[in-house]
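The data blocks that follow each hold one structure.
Both complexes shown next keep chain A, but they swap its partner, so chain B is in the first and chain C is in the second.
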Partner chain A sequence: MPEMGFVQQLGIGALMTIKVAVLSYLLALAIGTAFALVTLRRRLVVGFIWQVYASIFTGVPSLLVAFLFFYAGSGIVASLASLVGLTVTVDISPFAAAVAALGMVYGAYLADLIRSAIQNVPPGQFEAAKVLLVPQPATWLLVILPQVLRLALPGMTNMWIVVMKDTALISLIGLKEIMAYAKLASGVTKEPFIYYVLASVFFLGMTWLTYFVSRRIESWSERGYKPVVKQEPAHAL
Partner chain B sequence: MNAVTQIAVPSPVRRETPAAVAISIRKLNKFYGGFQALRDIDLEVGQGEIVILCGPSGSGKSSLIRCINHLEQHNSGTIRVNGTELTHKASDVAQVRRQLGMVFQGFNLFPHMTVLANCTFALRLALRLPAAEANDIAREYLARVNVQDQAAKYPSELSGGQQQRVAIARALCLKPSIMLFDEPTSALDPESVGSVLRIMEDLAATGITMVCVTHEMGFARRVADRCVFMEKGEIVEEGTSDRFFSAPSTARLKAFLQQVL
Partner chain C sequence: MHYDPVLAWESMPTLLAGTATTFAVLLPVLVLGLLLALPVALMRLERGGKAVFAASYIAFFRGVPSLVLLYLVYSGLPQLSVVRDTFLWTVFSNAYFCAWVGLTLTHSGYMAEIIRGGLAAVPPGVVEAATALGLSPRQALFRLRLPMAARYVLKAYQNELLIMVKSTSAVSAITLVDLTAAANTVFDYTYDPFTPLVTAAAIYWCIVNIMRIGFTMADRKLNRHLARG
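Right, the complex of A and B next:
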């Protein structure tokens, strides 16, 4: 039988997992959207910055990125600050390192996803909005975004699941999330099976919840489109 | 006696001297990279005039229409719409587009909005009208194009002909004085073509100015005041629709008409 104290700790860890996953994903969405928009038009400088960013953050494993941020983060921030003549000493917490790492890594993937979704919105949609004199912000928000969302949703859902699962690795930099507590409980009670199963059940539950919610959002985003026979979403990486 | 009747019955040529100029195009050139799509185009469209553009595919008809509403930027020459010169300045572009309604070959309706929302969208966001007023205007124009019963549906639930009529209503909601059509019936199944052409004929009779690219020569003959034939980026021949069809003067137009008629 699991001991209630450890189960409680697992619960606290689970909340931390959700917190890190949600914040990382929001950061990834922000970075992804920004890069998608600025790289829509091929411009040399922006394109180069993007290439460098993408090759670093899609090439280096996310755990390694987190390690780098955690152990070298304060050094990086200090030297960046000294470039502009400031002396800054910051302590990078495991939490901040985890969110920054996952956000920046998956921001690179989301940028590609979002950019190609934007490019797959028919150009006629932009043209119709232009000739109807609809202001640009309204065009992006009310004409383009809903169509981008529809196209990008399956990929975005998968990406969310990957981010969530990647938080489990991040326990290695000392983040007190569900994996860390499961390991702790297993070590103390010498009953690893039960706590790892509980942690697995948590991730499974989150995945199911994700699919349930994403179905809802997808069917809403499909409003107005002819129903098509859809494949089950491919399993996350 | 004979002479008197001739004086009493004016020649059937419509609007020989247009009251005012709606669109005036001078020495217009348009390049895509190194490729010249329009070459020294001169064209004047009077207010209330119905002008049909025709010509083989790739002759620059769409480019010309799209330059008029600045979906493409012209490289040289001038375009004036109701007196406003179309420069590449945002304020001029907006001023010109305010005069124009545009209907695309592929409808370009917003797929995630209902028919009614498609029509009210610009009224609310561009003209900032309150929802109730926008709805009234939209319903009025949807009724004019005979799709009032479909207002709550999404575009994909409509036939092609109905979708194109919604697109026409959507453009008319902004009360443009000039309507531009780029092959409005080319993407339609044959049964739907008639319903759209009828709407356009009704529209032509209201006194609105129209510039229309089409291969529907029967329609052109019925409604056009003037037909313009383009080839390889140039206007080869233009004339009243009677002369255009019955007595084309260039060999190229003759050959074209033989192909499409």
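Right, the complex of A and C next:
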């Protein structure tokens, strides 16, 4: 039987997993949205930078990126800072390395998703907003964003699950999350099976919760697309 | 921090040995995963108990991270005396075998869902025509439905394959020295993290992009009837 102390530690680790996953996802969303917006129109320099970024971060395992940021991160930051004439010394914690790596890798995937969602909003929506003299910020925020959300949500939900599962892998750089505690508990108690099953139950639960919540958000984002009143077949037929 | 070409050249044998391990893990997983996914996908398309089983198989192996599965197979299963005290122990004490089992289960979960999607996209008229022409269900499956599904799911298979290439980096957790672990070994010897990790990243990048080119060519060949003339 699992001991309560270790189960409690697994809980602490699970909170850490959620924290890393949420922060990475928010960073990925920020990077993805920024790249999606600047690559909407074809521009040579920006397009080239995006191609290089996407090619690197979708072609390399996120674990390797995390190792690179964790071990070589302070060196990278120092030499980037010396380019602008600053001397900076930073210590990269496993937490920061994990969030940066996951955020940058999945930012590349999310950018593609968000861009194609924006491109799939009917162009008439932009034109109508322009004709009605809706100011630019309001157009994006109140007209386009809700429709982008409806189109991008299924992909974004999948990406969230992928990020969360990758957080487990990233623990190999020394992050104190659920896998690290499961490993610790297995080592001490010599009962690895139970603790790894508990860890997989946590991930299954999170996946289930994600689908539960995402279905709610999706049906909310589809308001205006679905008829409010259910169409009943006519009695005469 | 700077890139040291000399060190990169000297560490090449280690890194290439790691690449060989990566492929030794990857290739059996791709074959076994595909073989395992096909019956699961077919069960998922049926009704009743089989479909429920297939749905939970897919949900479980897609929901659990591959690292958890690897740990579960490599260090979790030996806790059970069934595994430890029988002939199973000889295979489950082998890290390669555990890597194959763990990753195959993950891969088959995703592949089952992809194949199911492809089979569901085959127009029902094709299957009806096959039945009308007297083809057995087996012939209809292997001669019509699967070849058609393969063309539909090529893009999804490309994504899944590239994800699998990158997920093999998880096997370093169960003592196998794959490309990622090899880069870390060089780092341990030389205290230079940047050069070996960037070199390993470049090797991964080449593998992934060669596969992308291969898929583009396969797509051009298989879906040439869809190409605009």
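Operating definition for what follows: the second predicted complex is superposed on the first by the 225 of 237 C-alpha atoms of A that agree within 3 Å, B and C clash if a C-alpha of one lies under 4 Å from a C-alpha of the other, contacts with A are read in each partner's own complex, and residues count from 1 in each chain.
Everything below uses one rule, namely that contacts are C-beta pairs under 8 Å (C-beta built on N, C-alpha and C of every residue); 3 or more make two chains touch, one makes a residue touch a chain.
Since this is a predicted model, take the numbers as computed values, not measurements.
Enquirer: Put the two structures on top of each other at chain A: do chain B and chain C fit, or clash?
Expert: After superposition on chain A, chain B vs chain C: fit, no clash.
Enquirer: Is A:8 in contact with chain B, with chain C, with both, or with neither (first, second, both, neither)?
Expert: After superposing on A, A:8 lies clear of both chain B and chain C.
Enquirer: Go through the superposed model and pick first if A:51 touches only chain B, second if only chain C, both, or neither.
Expert: Touch status of A:51: no partner.
Enquirer: Now for A:119: first (chain B), second (chain C), both, or neither, which partner does it touch?
Expert: neither
Enquirer: Please work out whether A:166 is in contact with chain B alone, chain C alone, both, or neither, and reply first, second, both or neither.
Expert: In the superposition, A:166 contacts chain C only.
Enquirer: Which holds for A:127: it touches chain B only (first), chain C only (second), both, or neither?
Expert: Only chain B; A:127 stays clear of chain C.
Enquirer: I'd like to know which partner A:60 touches here: chain B for first, chain C for second, both or neither.
Expert: After superposition on chain A, A:60 lies in contact with chain C alone.
Enquirer: So in the superposed three-chain picture, is A:200 touching just chain B, just chain C, both, or none of them (first/second/both/neither)?
Expert: second
Enquirer: Examine A:138 and indicate which partner it touches, taking first as chain B and second as chain C; both and neither are also allowed.
Expert: It touches chain B, and chain C stays clear.
Enquirer: Looking at chain A, does chain C or chain B touch more of its residues?
Expert: Higher number of touched chain A residues: C.
Enquirer: For A:219, decide between first (touching chain B), second (touching chain C), both and neither.
Expert: neither
Enquirer: Just the number, please: smallest Cα separation between chain B and chain C in the overlaid arrangement, in Å.
Expert: 23
Enquirer: Chain B touches which residues of chain A in the complex?
Expert: Within the complex, chain A contacts chain B at residues 122, 124-125, 127-128, 130-135, 138, 142-143, 146-147, 150, 221, 223-226.
Enquirer: Could you list, by residue number, the parts of chain A that touch chain C in their complex?
Expert: 55-56, 58-65, 67-68, 71-72, 75-76, 78-79, 161, 165-166, 168-169, 171-172, 179, 182-183, 186, 190-194, 196-197, 199-200, 203-204, 207-208
Enquirer: Chain A touches which residues of chain C in the complex?
Expert: Listed in rising order, the residues are 1-2, 59-60, 62-69, 71-72, 75-80, 162, 165-170, 172-173, 180, 183-184, 187, 193-194, 197-198, 200-201, 204-205, 208-209.
Enquirer: Once bound in the complex, which stretches of chain B touch chain A?
Expert: So the residues of chain B in touch with chain A come to 69, 71, 94, 97-98, 100-102, 104, 106, 108-114, 121-122, 125-127, 154-156, 170-171, 174.
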